[in-house]
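Here come two complexes built around subunit A, the first alongside subunit B, the second alongside subunit C.
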Partner chain A sequence: MKRALPLVGLHVLVALPWLPLGPARLYILHVVILILIWSVVGTAWSLMGRFGLVSLGHGAFLGVGAYTTVLLWNFWGVPPWIGTPLAVAAACFLALVLGYPCFRFRVVGHYFALVTLALGEVIRLLIIAERDWTGGSLGVTLKDAGAGAVNLVALQFADRRVFYFIALGVWLAGLLVWRWVDRSMTRSALEAIGEDETAAASVGIPVTRFKLKITLLSATLTAVGGVLYGQYVTYLDPGTLAGIGVSLRIVFAVVLGGMYTLLGPTVGTALTIALAEYLRVAFGVRFLGMAETIYGLALILIIIFLPAGLYGGLRELWRARPRPLAAATPPVRPA
Partner chain B sequence: MDAVLIAEAAVNGILLGGVLALLALGLNLIFGVVDIVWIAYVDLVMVGMYAVYWLVTAYGWPLPLAAVAAVALVAVLGLLVHLLIISPILASPPVNQLLATGGLLFFLQAFATFLWTTDHRSLRLALPVVEVFGMYLSFARLLAFTFAILGMLGLYFFLTRTYIGTAIRAVSQDREAIALMGADMRRVYLVTSAIGGGMAGLAGVLLIIQYSVHPHFGATFGPITFIIVVMGGLGNMFGAVVASLVMSEVISIGGILASTEMAYVVAFVIFIVSIFVRPEGILGRRE
Partner chain C sequence: MLSLQNVSKTFGGFRALLRVSLEVREGEFLGLIGPNGSGKTTLFNCVSGVFPPSEGSVRLRGEAIDGLTPDVICHRGIARTFQIPRPFRKLSILENVALAAHFGHPTRESDAQARARARDVLRLIGLPADPEARPGLLGAAGLKKLELARALATGPALLLADEPLGGLDPEEMRQTADTLRRIRDEMGVTVVWVEHIMATLMRLVDRVVVLDHGEKIAEGSPRAVAEDLRVIEAYLGEKIALE
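What follows is the complex of A and B.
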């Protein structure tokens, strides 16, 4: 029974492109692909976030991933098959250059968040400054490979379904990585470090090494998400891919879904993207800014009233439900 | 490159540094006392700028009066931010606190877009340009610098000469101890938030006389303000001023030597390195 649910879910996901979803079929598929791509990024973030490494600079890894492959293809015709490893290498290099001194010098908490925020800004500003290459704030479009509907070398497909399966595959791989970390010694070590770094170090846990390991893993997965985004959306701009805005959005989705469960980041991402898309469609171009206004309000309200995220909040409600015998005792509230 | 041009950029850097220092002190106060990073702090500045702009252009208020009203408005806003958003999440994990003020950032930027579109709006004041030793300095900037200094002095005297100011400094030094001493933490937090808001309002007034305002104004000055606060060292007012001047010089001189973006990149890299070398701030004392 416990195994049956994921299996059924997986079958539904595989069959999704052929389900009779009505005239909006292509649009729904598009939204689901976006959800899968951003879920990869959210899952990547939660790898670090759950151990107290709150990064506000994941936009940097995302931007590096997306821009590296797209620019390599646009300028030198390097296919994403080679571009992706290079993009991942670039993101890892960045993570290493920032992460090593951070962990070595014990930059934690607010300070870690602000250092990563600065990193995100650096990447965003570099993208804008190098406008001859990157198109600056106007963005850059992935060059069309031409040559038929399915181009395996350039990983460009006219048929959305192909992308759907690629995104699905990467998402599943991301979940496997998450689960692997969840069941490894790394998790225990990082949880100990998150609780008390000095105590962890005193029992012989190599603090810097474990933190670096998880950061590199997270950066890799985020960069892959960026590559996917670039190949699928085919248009990149620094505002959507780097900087504070996108980093906050990633964190929000993860916290909403809950970062301590396998599917938490995915659920959170699905909800935030569904909300954003709904607001976008509902308001269209009539009330510019209204959709984002409601998004911001929703964010504040959710954080205040559901601090444990949606999943955690629901679980608490479930636990707090009146039980037959204990129902009469009123809960003790601290003043 | 012309030496006079560089000198002009250096002086402009000092003038910008004054306003940045004002912002940094306001944020430093909140960060140091309430221990929460208001990611949306500079977006409150944007609200102050719009307040002055509309009071002057649409309602024909004289600038000084509009300035006072804007400072008061943003101070009240600071109070409301604490009451409505911060106080319910004081005990939440830091990620949640970041996200709540992050939500405020989205809200303020988007609501400003909704109300006033993304147009860049400027007061178009006809203030003279002063020539000193062949450098051309804008009078608006000199004025802004002067008022920034006055604002900082005001904060200094408030914090050192009044009872509640002393309580605020005590909280930023040792939260638990001062709570045990029977200080009214809620009142300290509220006053701090209002003063932080008021300083954001004052900075808004000083910025609207030199720059045009748009809904994403906070995105230009926000990140640099955070890093100045951290670089200067928490609770260290003098450090915040020094860090502001260093950063504004980097931005100002870097801006004419390379480009504004590259200048900011250099500023952020300096910050990252400085955190590794001196995590307690450039002038902080090691504990």
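What follows is the complex of A and C.
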């Protein structure tokens, strides 16, 4: 049963494009693709967030990822196959510039969050300022590769299903990375660092190096999410891809779903996107701001009542449910 | 083995350590005593790399280690405990110790090896190796033991024990002091021991160093130090009886 559930879920996801979803089929597929892309980013964020490295500037990595590939293609015709590694390299360089001084000089907690917040804004303002390249606040459109419906070199596809499977693959890879970290000694080491850096260093854990590693990993995955977004939506603007707005949306989605569980970020992202879409359709242009109000209210309630997130919290409740007497374990006593 | 040459540490205008020179011999059990605020913990912090000394040099087996980071110093073979226990509360007791066993060596052991060694250390110290038990279950004595277990799991040549008996009842004190002695006698680890419980410390150590206001005011055998007038004036208050 326990093993069957993920398998069934995976089969449903693979079969999704062919399911009879009615006239809204394409729209549903579109929303699911967006959820998958943003889930990659949320999962990437939680890699850091769960260890107390709260970044309020992940938009920076996202924007660098998306803009690097799109601009390379638009100006020099560099295909995303080459553009993506370059985008990841750029995001990693940025993570290094952010992380090394912060970790070396012990900028932690709120101060670290503030530095990342500034980083996100700096990238957004840079994108706006470099308008000759980036189109400034008007945004930039990915140049159409032409040559038919499927262009493998340019990674452009008229058929949404192709993109759906790419997004699904990247999302699964992201989950694998998360799980790999979760099951390694690295997790224990990072948790120790998150709790007490001095004590962690005293037992031989290279604190700065570990924090840098997880930051680079998170930035890499976020940049890949940005690349996906750019290739799929084919239109980038600094408000959506860098700066405070998007950075906070990533954080909210993960907090909503729960950052300590594998599927928490995905559940949170799915809920926020589904909720936003639903509220948008339900309210339209009436009651402007209503969608945000409901969204904010839901977030406040969840933070108060389910601090481990919706998915994490419900899972805890499920595990702690009253069970038959035989299953009860006696409390452990120290010797 | 460990050699401090004119080590000073200042925080702003405050001088926590003033030109302290000190030799710890291989295999020695050394007691480090002094009134509160005399610089004992600062000395440990300078040696273990929490911060570098402002002046002077620290050498381990002839190699300079001042200025190195705590993880590197740990890899060189110096482990320390903290006066106020600093367990990783989100991890189990076993994980706390296994982490130290895994990362304490420059050549990292495998996960399974680290766990196996952590279990050995826990048994030696007398803590539960239950994979689920968390530090929150432990009382003051248990947390002090966990500090020792974690330090020991890194496989040190030199152990800096910062008040491992503080806050324990007499029976727990006797047990922990006995463990310290076994760490030296059976495992061959050199131990520097900071403690305020004079009677126990003086009975077990080979040699005593006394700090006061950041300066070394005496060193020698427990008997000689206990009779030193400066030490009595600065710290002991009165002569203590050594049987």
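Note that the second predicted complex is superposed on the first by the 300 of 335 C-alpha atoms of A that agree within 3 Å, B and C clash if a C-alpha of one lies under 4 Å from a C-alpha of the other, contacts with A are read in each partner's own complex, and residues count from 1 in each chain.
Following the convention adopted for this analysis, a contact is a pair of C-beta atoms (placed from the backbone, for glycine too) under 8 Å apart; a residue touches a chain by one contact, two chains touch by 3 or more.
Note that the coordinates shown come from a computational prediction; the quantities given were computed from them, not determined experimentally.
Undergrad: In the superposed arrangement, which partner chain does A:199 touch: subunit B (first), subunit C (second), both, or neither?
TA: Touch partner of A:199: subunit C, not subunit B.
Undergrad: Taking the superposition as given, does A:66 touch the first partner, subunit B, the second, subunit C, both, or neither?
TA: neither
Undergrad: Now for A:189: first (subunit B), second (subunit C), both, or neither, which partner does it touch?
TA: Once the two structures are laid over each other on A, A:189 reaches subunit C alone.
Undergrad: Given the superposition on chain A, which partner contacts more residues in subunit A: subunit B or subunit C?
TA: B
Undergrad: In the superposed arrangement, which partner chain does A:207 touch: subunit B (first), subunit C (second), both, or neither?
TA: Second partner only.
Undergrad: Now for A:37: first (subunit B), second (subunit C), both, or neither, which partner does it touch?
TA: Neither partner.
Undergrad: Examine A:114 and indicate which partner it touches, taking first as subunit B and second as subunit C; both and neither are also allowed.
TA: After superposition on chain A, A:114 lies in contact with subunit B alone.
Undergrad: Which subunit A residues qualify as touching subunit B in the complex?
TA: 49, 54, 56, 98, 101-102, 104-107, 109-111, 113-115, 117-119, 121-122, 125-126, 128-129, 243-245, 248, 251-252, 255, 287-293, 295-300, 303-304, 307
Undergrad: Can you check the complex and tell me which residues of subunit A touch subunit C?
TA: 185, 188-189, 191-192, 194-196, 198-208, 332-335
Undergrad: Which residues of subunit B touch subunit A once you look at their complex with the stated criterion?
TA: 31, 37, 39, 85, 88-89, 92-96, 98-100, 102-115, 117-118, 215, 219, 222-223, 226-227, 230, 259, 261-262, 264-265, 268-269, 271-272, 275-276, 279
Undergrad: Of all residues in subunit C, which touch subunit A in the complex?
TA: Residue list for subunit C touching subunit A: 48-50, 69-71, 74-75, 79-80, 82, 86-91, 95-96, 98-100, 102-105, 111, 114, 126-128, 130, 132-133, 137-139, 142, 150-151, 153-154.
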